[in-house]
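Both complexes shown next keep subunit A, but they swap its partner, so subunit B is in the first and subunit C is in the second.
Coming up: the complex of A and B.
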């Protein structure tokens, strides 16, 4: 076995995994506030990419302006989604909210198809496709940038959840009734979690849009993001980051060995196996909180 | 009625003939009137299902979280009609409701529980002063301020729920069965602290209790609620010497009347 090759597979796998974490972090943010896996996170990622594209390619803005502006727009959009689609469902069974997020996902796919059509466009970030040579190992530059974005967002959220607003958001995740009783606006908190998840979706959309082109297939990232989030524990941002790295490595290294036997498609099988095994063996994931039980 | 106006003027809270409907059909309280004089401690007594919690939720606005609404009557706080005011606004006005069942934020530390309740406009230094004051009232909490709240004992969680309410700087503090499931020495510890808070901070207190014996020791007046109606109102002394109250709520009576059976089965559940 060639160790250098194996290391290269592992490192690039870890970087790709962190890009899955970008999607998973958005899922975790909303799960924390509403106890619902947001099935629209893939759609939001796709929308984030389209909004950047609309501002940069269609409106002619430079990327350094288009990306932050898209972030602001999507942030507001997140609040809007809560206000229009979710507030009326407060207190309803969780499965209704889940179905609503699925509806939002389908709606976003349909809307982007109607506005921008289905042909793939490129993001044109201007990052070289020439791999970076570190020692004897080739590393993809865009993946490196994306991993940096994921880790920065992770650090930012760790800090945010220690601020007063962040603590109030965690309080909402714990107990709606108690939150209301001390004057915390649960509705605004849930809105904020959607806004933050939509903000993260811009980061994920830009990176993934650069890697695989901007079209509706970006929404399928939900499946990878969801798998990572479930392995990480659904309500743990740290879990989403670590699970992303783990899944990325297993997927990249595993596929290299398995593909010769099953002839391609082993990536999907590996991810499916991780999801199924997690749910069977460790349903609250690596870092998910157990519900505290006392007598 | 000039007499009633006078009572209202001295009341921080004045609730008049309030009816509450859940799900638009279930009439839970049927014309409850309660006055809380400024700076006083008042008890709402009554057996399980009488409508005590519903009365508190009507005052705090938390009814909405359970698809309940006030279908008749009005609630005045410091003379202002708050019947239509949002729950979170009422907290800002000075009403705080410690809900039944010790709802602490389990995955937060006690210190973070207190921070979570701080109004966004409260400066960090004011918050720290408030926290120290609360830790002074509840030294047990100070010791465990950085552990996970879900692992606190029942008594500590109740103290935390009360402390967390104090961070909102209420002028009317409402507590729903704070003694539920706690050992008698803890109940008296918590009730002593409530009395101290009432005296030192001038906070008016509306206390819901099934433990009438303990409650009547610290309040000045009490209301007895049964089947969604106030059936008795008097000073703590009057209530303590009332024969019905003695029989049904203070454990003085004998026999197998309905209330006692109900209380007994409930008490057994706490212990199991």
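Coming up: the complex of A and C.
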């Protein structure tokens, strides 16, 4: 194992990891505001990609128009999901909320596939598949673009949480009872967090759709996103970004070593192992708030 | 009126701890038991085999999950993995030459052992984090099944289940399969019905409500959590083995994937946590409704002259399945069992319910 190869694996892993963060940020936004584990983020990501595809391919819009329009549509969608499905369940045991998000996930995937069909189609972002050569290291262009999107979204959210609305969201995350009593509309805040998560899902859907094609496999990103979110701490956006890089590197380098012994496909195993170990050793993750109830 | 309470009074502990306190409940149970026994003579063999049998077997499995999620309050998203352990160990045992009776036991015990591993996660965390851990364990199990040819019978292959036999008698007819499934489901139902009047059931409920309060009362919550996981895993293992032996006829990793885990949890939650009759309803709804509605869609599109592609039709059941979960949770978060309970409570005092107001 030479060092250049290892570095290449690590860098590409880190870039892939930042793409997992794209999914994880959506989870974190909602968990932060309402303590709802959003297991529908996989379905939302898939729907986001399909909406962009429907606008650009079927309706013939250019991509620079289709993506913002899809973002607007999904923004409204997020509000709608919270209003219709989640608000009525506020205060219910976590098992019901979990099941509700799973139900939404299944419904979104089923409906999307029923409308647009399950055949894989490409996003055609126009990014060349030629790898970028840095010294002796090959780097995938689309991953680089995706990592840039993830980091800029992170920066945008850091700025957003300093605006008036962002501060309200932080207050809701901190203590929703107190926020209520000082006149912050908690419902609207939680709705906004769902809308923002759906917005992020469009970004994740476009980038991942370009990488692996727009089909049902986009919804399986949920496990990776979930692992990243848990490792980073379910209520920390910074944690999601850093944990994404960590998991990406572990996965890419670890799979290279492990695949020789187990005959391929050890990525899922590594991700699942990271998830189990995180929950067992440090349930609140790297940067999460330390108030998770242990037994 | 229908669920008459008059004449129901207790003068001994034995009468107070009867399973069915209201005679109507007991009559209903006896009626359905007789109906189940007579079903092969009433229901056409096609429906018996493709609707009744999976319904009963999945109900047995769902009741097992209900034990751990509904009674003991531990979220479990890796139930299908536990079923897979039972199914694979039973089939392998039979292929090795063990008779089916013992193979089912071996399957159940193997599931218990693996299922208790899930319990160790439950000793450390609960709620959402337990759900995530069990979900990750499910993925690990999927991976093991898909990547160990000795277990799954080769990559992307399936393991043929030998002919099912009980007490030296080979069972090959639809009616025979049905009675096996029916017998197992009745057995599990009797266990669950008795659970609520035993110390075990009360201890599980105490652990569910508040585990440290249970500890103060002298209930060892660690012990009961492991017990709940082991028992439910045993039920899962035998149900999985029976599903493979009498319904699928072969074991394949996809039959026990993460989607199936979610499906069983959906059955339990749609049916109602810790509701036995609810589990029957929940399984019926989740298992059978999507197919029925799809049939309606086909009929409706044919009648209205709309063009519905095959691909759309293939995905509509999934959309309906998701929609059902959402709708039921919106209407009644406590599930179909609670809806039935509401009707029952209403009929209990009807027509005299006006007198209370």
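Please note the rule applied: the second predicted complex is superposed on the first by the 291 of 295 C-alpha atoms of A that agree within 3 Å, B and C clash if a C-alpha of one lies under 4 Å from a C-alpha of the other, contacts with A are read in each partner's own complex, and residues count from 1 in each chain.
What we mean here is this: a contact is a pair of C-beta atoms (placed from the backbone, for glycine too) under 8 Å apart; a residue touches a chain by one contact, two chains touch by 3 or more.
Just so we're clear, the structure is a prediction, and the values are computed from it rather than from any experiment.
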Three-chain arrangement built on subunit A, subunit B and subunit C clash or fit: fit
Which of subunit B and subunit C A:275 touches, first, second, both or neither: second
First (subunit B), second (subunit C), both or neither touched by A:117: second
Partner chain in contact with A:251 - subunit B first, subunit C second, else both or neither: neither
Touched partner set for A:105, first subunit B, second subunit C, both or neither: second
Partner chain in contact with A:89 - subunit B first, subunit C second, else both or neither: second
First, second, both or neither for A:182, with subunit B first and subunit C second: first
Comparing the two partners subunit B and subunit C, which touches a greater set of residues in subunit A: C
Subunit B and subunit C, minimum CA distance [Å, superposed model]: 13
Those residues of subunit A which subunit B touches in one complex and subunit C touches in the other: 292, 294
Subunit C residues touching subunit A - in the complex, by the definition given at the top: 69, 75, 121-129, 131-133, 135-137, 139-140, 142-143, 146-147, 211, 221, 262, 265-266, 269, 273, 309, 311-312, 314-326, 329-330, 333
Residue ranges of subunit A touching subunit B (in the complex, touch as defined): 91, 164-165, 167-168, 170-171, 173-185, 289, 292, 294
Residues on subunit A engaged by subunit C in the complex (per definition of touch): 37, 84-85, 88-89, 92, 94-96, 98-100, 102-111, 113-115, 117-119, 223, 226-227, 230, 262-263, 265, 268-269, 271-273, 275-276, 279-280, 283, 292-295
Residue ranges of subunit B touching subunit A (in the complex, touch as defined): 60, 62, 65, 67, 87-88, 90-92, 96-99, 103-108, 112-113, 115-120, 148, 150-151, 161, 164-165, 167-168
